[in-house]
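In structure tokens below, several structures.
You will see chain A twice below: alongside chain B first, and alongside chain C after that.
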Partner chain A sequence: MSTLQLKSLRKQFAPDVIPVKDVNLTVEDGEFLTLLGPSGCGKSTLLRLIAGLEQPTAGEVRLGDQNLNRVAPGDRNMAMVFQSYALYPHMTVAENIATALKLRDVPKAEIQQRVGSVSEKLAITHLRDRKPSKLSGGQRQRVALARALVREPAVFLLDEPLSNLDALLREQVREDLKQLFEEQQKPVVYVTHDQTEAMTLSSKVAVLLDGVVQQLAEPSLIYTQPANRFVASFVGSPQMNLLTLKCEGDRAQLGPVGLPLPTGIGSPSTVIFGLRPEAIRLAQAGDSLKIPGQVFLVENFGREQLLSVRVENSDLKLRALIPPDQHWERDRLELTWTPEQSHWFDPQNEQRLETSSAAQPAHSSL
Partner chain B sequence: MTVAQSPEQSASGLQINWQRLALWIGVLAMVLFCLAPALWQLLTSFKVNEAITAIPNVYFPSPSQLTLDHYLSLGWIFWRYIANSAIVSLLSTVVCLATGAPAAYALARLRIPGERIILVCVLIVSLFPYVLLFLGLLEVVRLFGLGNNYLALIVPYTGINLPLTILVLRSFFQKLPQDLEDSAKVDGYTTAQMLWQIVLPLTIPALVTTGILTFIFAWNEFIFALTFITRDTMKTIPVAVAQIGGASIYEVPYGPIAAATVLGTLPLILLVLCFQRRIVQGITAGAVKG
Partner chain C sequence: MTQASDTIRQRQIRQGLIMVAPAIAILLLVFAYPIGRAFWLSLFTQNLGTQLEATFSGLSNYQRIVGDGRFWLTLWNTTVFTSLSIVTELIIGMSFALILDQAFRGRGLVRTAALLPWALPTAVMGLAWAWIFNDQFGIANDLLTRLGLISTNITWLGDPTRAMLALIFADVWKTTPFIAILLLAGLQSISGDLYEAHAIDGASPWQSFWQITLPLVAPQMVIALLFRFAQAFGIFDLVQVMTGGGPAGATETVSIYIYATVRRYLDFGYGAALVVVTFLLLILAVAIAAYFLSRTRLNVTGER
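Up next, the complex of A and B:
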């Protein structure tokens, strides 16, 4: 049984190039941790630090009670799947899968048996004798997975393994991955910039920006309780509406309407108001909150349409997801939402303003 | 629409045929232009002396004008020359690759302080006209007593070709996906095993390409070979060919010279043909996404 632990991990390449700043994380057996962030946020460097391909400037990588800082990548008992798959082009599929076992002096019969069973599990048995250049993208991806699985390592590391697949295949492989790693019951660290992958696969998500963990929580919490403005804007598609509003007393001014500020955040002069497009609906007769506006752009997704609305008497814009069967006037429509679904952020430090009405616990920061 | 287009298509088909014809005429003219001297040499090596000197030129000799005498006149010693050339060229190629490849790998992969300066120096060395080194080298050869020794040729040939080898191989290593090496490390290869079992097999096309360039240079080099080697049994092909003389100074033995040239070039042609596949083949195909 193993626990992967990162303690105050830091990586500095140059005085002003610090891709990883003081990261603390713990991944237990059976946990699927996703490092989510835009390109350049340090997520791949973090993974390479765990794998031992980079040496940390400070801090520790621990597996169980062993400090891995001085342990070579090959001796860490971790398997890694690379974004580019990195199959050895001069070896057949079977040799590719078996090579790590051969290097560890596993008996021949056992190698055969393990390669065979993992090939069967991933449905690549018929490809055993082919070279990687004769495989399709999806097949290469499965070979790369097989190469990791066959080792039965203590930790799995995956670096954007789906990003080179086409959209349809990606969805299918995502399901397969989820099942596969749930069976393994080992710590999994998964790097991606795709929020759908992060949301669907993980048991925990760490959102990274500039080498700092912005929020570490379960996927649902990341979505419903984003810890700051960045997480709010990065997670969720279409992007959350984020508006800087002036406040007067206990009301924030959104166009002609004063939104009541939630209790517990005091009375700031300005506030960042966040609202997911899918939380907005068309106002009906009985609604007390009605925001009038004009539609200036319609994007049709089939399942729903995304309206870009200019709020009346202001230059503020709201984007709303509306079911396609609902009718509205382009020149004037009224929007509404449940106040509990709005998010409030401090305009200075961009952190979430905790409202006393929120029954759920604060985001767990580790 | 389709019906209206069909006559147009056949017209454009005709157009393409003209273009292809022009292309092939161009290709043929180009090949003839480039190969003419070589073909003339080949022809000369098979013609009897009368046909060689006949005016007007004999372009299509009759069977009675053909002979193998020129080849036979070269004698057994010519095999010795070929062997000399082969030894010198092969050894300098091997040494060049064996020292250049690790240097190139280090320059491509490690973050070496002053890497640019090293590269500029390497480049400058390759820019220097090597004939100018020759007097200095002569002194060095004398100092070490290397005259009439294969080493007198192997060492300078290696040195002259190292810059190009390093530069070409470095750019090749830079294109080799780093992920492969990382993957090997995670799989448990030691650095030496990784270089030997993963990097080297993938580098073969580049090694062959640069190796052939080095080999051709060494095979054809003349000045050093002429100066540093004086003993007849140690001579390389270019020197041997140049020193084929006639019975008197007024007689130029065109036939034997042509025959020697053809024989001396054949190994190179065979070598390039053998490895051509390797050069063209992209062996890294399939390593990463595609």
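Up next, the complex of A and C:
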């Protein structure tokens, strides 16, 4: 039983270089936590702090009830998969996998047995006598995984392990990873900038920006209830529509249409309105909400088409995902959505405005 | 299709041959001709006894070498000098390289300063070392006296063993930077990820040095050894300036002996034979080193 805990963790390199600011996280056995964020958000530094490759400026890394701050990386009982895989180029695959066990003076017979079984599990037995340079990218990735698994560590750390694979392979390895780590029942911390990986693999996602956790929640909540404007724009593809709208009374003005503000957020003068492209559809005769606009760009993804629409009588733009078989007039079409799918953010602190659960009043055209 | 590519290929080959022709011509003139000439000359007797006329004498020069105690002594001296200086330089050079590989303030300055001894002309620094080891006025004796380690002056260059040690000391001082810079290049090509992965695997820095650093810097070490071997085996200027081969031939190296044979005793045929034998021994040593180099290459193929 082990619980990985980060307490007010902070890393400062220089007065104005603070990649990690006051991070609190807990990862339980069997939990898969993904650190998600753009490059430079501090996610890799955070992982290195957990691994012990960096010393925290303040705060604690705890495993169970042990403070790890003064424990060397090799004594933390954590295994890490590097983005570069960091395979030892002068050793064979089998030697690479066995290194950690040899360094811990595990008996030879046991090393052989453990290396054998983990190689079998990852289907790399036939590669055991090859040098890393003679392996493909996917094979190297498997060896790196085997090197971590063979140790049976208390915690797994993975630093963008899929970023060096091509797109097709990545999808397949993602599935394998998910199964593999579900079996392990150990805390896993996974760093990525790829939201698909974060969504599909994790039981919990921590979205990071500027060294601060923006939101810590399960993947579906990150998607349906982004905590702030950054999370809303970073998660989801194509990106969420985010428009700053003027408000009059209890309505936000979107072009010619006044969108009723949800109850419970008061009556601000402006508000950030968020709406995912996939929440928008073409309006039909019975819809009460109809936003008229002009299409100025069509991007066809095959599975669907992404319309970029300029809202009538304004310079506001909405992007909408529409099934490929639907037809519309390029010069004038009407869009609609269900009001519950809109997101509202405070224009000053960009935090999500919590709406009261009471049903929102129906939209109406002016 | 094949015909077209064939003619393109042929044209490329022809063009390539034309372009390397000048280089090959120069190589033949500068290397092949003198080597061939030395071989040829070694089959003749041409010395004061023959009025400096070349008379064909077959392999008699080589027979003379077999029984020439002075040659074998110089060969032994050269071997001692070469192996001791190279090993010392490699160990100290490696520690220098490890220090220079660390990030610290003023590293660029230190790197440049470390190269200075190597940039000095050997004859100049040989003179300086000869004075340092001078038994009457040398700094070496002065320092040791002040430290209270000796009470009477030591004759550094007048004693066979000490003269050899002084030579090695001076050579190490001069050429360690060269090895350090070569090894530094090797160290810097090792990805930091490997050390971090090894640390997470549970290795101490000492274990990482033996299991990661040394195997991965091995190609550079072999190259450094090869260069230094060829240089040290032909050492001439340093010895000529510091000891002149003395005392009593105790520091006479092969080059010094050959120089004396040809320029002082004017025995051109025998000198050529000495050159040929030394040359073949060198080739043999380099071939052995090259074999090990190719072995280590096999060992370290991979992402660097």
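Just so it is clear, the second predicted complex is superposed on the first by the 357 of 366 C-alpha atoms of A that agree within 3 Å, B and C clash if a C-alpha of one lies under 4 Å from a C-alpha of the other, contacts with A are read in each partner's own complex, and residues count from 1 in each chain.
The rule we apply is simple: a residue touches a chain if its C-beta (ideal position, glycine included) is under 8 Å from a C-beta of that chain, and two chains touch if they have at least 3 such contacts.
Given the structure is predicted, the values throughout are model-derived calculations rather than measurements.
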item	value
Simultaneous placement of chain C and chain B on chain A, clash or fit	clash
Partner chain in contact with A:Ala51 - chain B first, chain C second, else both or neither	both
Which superposed partner A:Asn164 touches (first chain B, second chain C, both, neither)	first
Chain B versus chain C as contact partner of A:Gly137, first or second or both or neither	first
First, second, both or neither for A:Lys108, with chain B first and chain C second	neither
Doubly contacted chain A residues - partners chain C and chain B	51-53, 72-76, 78-80, 82, 84, 86-90, 99-100, 103-104, 131-134, 147
Sites on chain C touched by chain A in the complex	191, 193-194, 196-204, 207, 211-212, 215-216, 299-304
Complex contact set, residues of chain A against chain C	51-53, 72-76, 78-80, 82, 84, 86-90, 99-100, 103-104, 131-134, 147, 151
Contact footprint of chain A on chain B as seen in their complex	177, 179-180, 182-190, 193, 198, 201-202, 283-290
Residue numbers on chain A that touch chain B, as the complex places them	48, 51-53, 72-76, 78-80, 82-90, 99-100, 103-104, 131-135, 137, 140, 147, 164
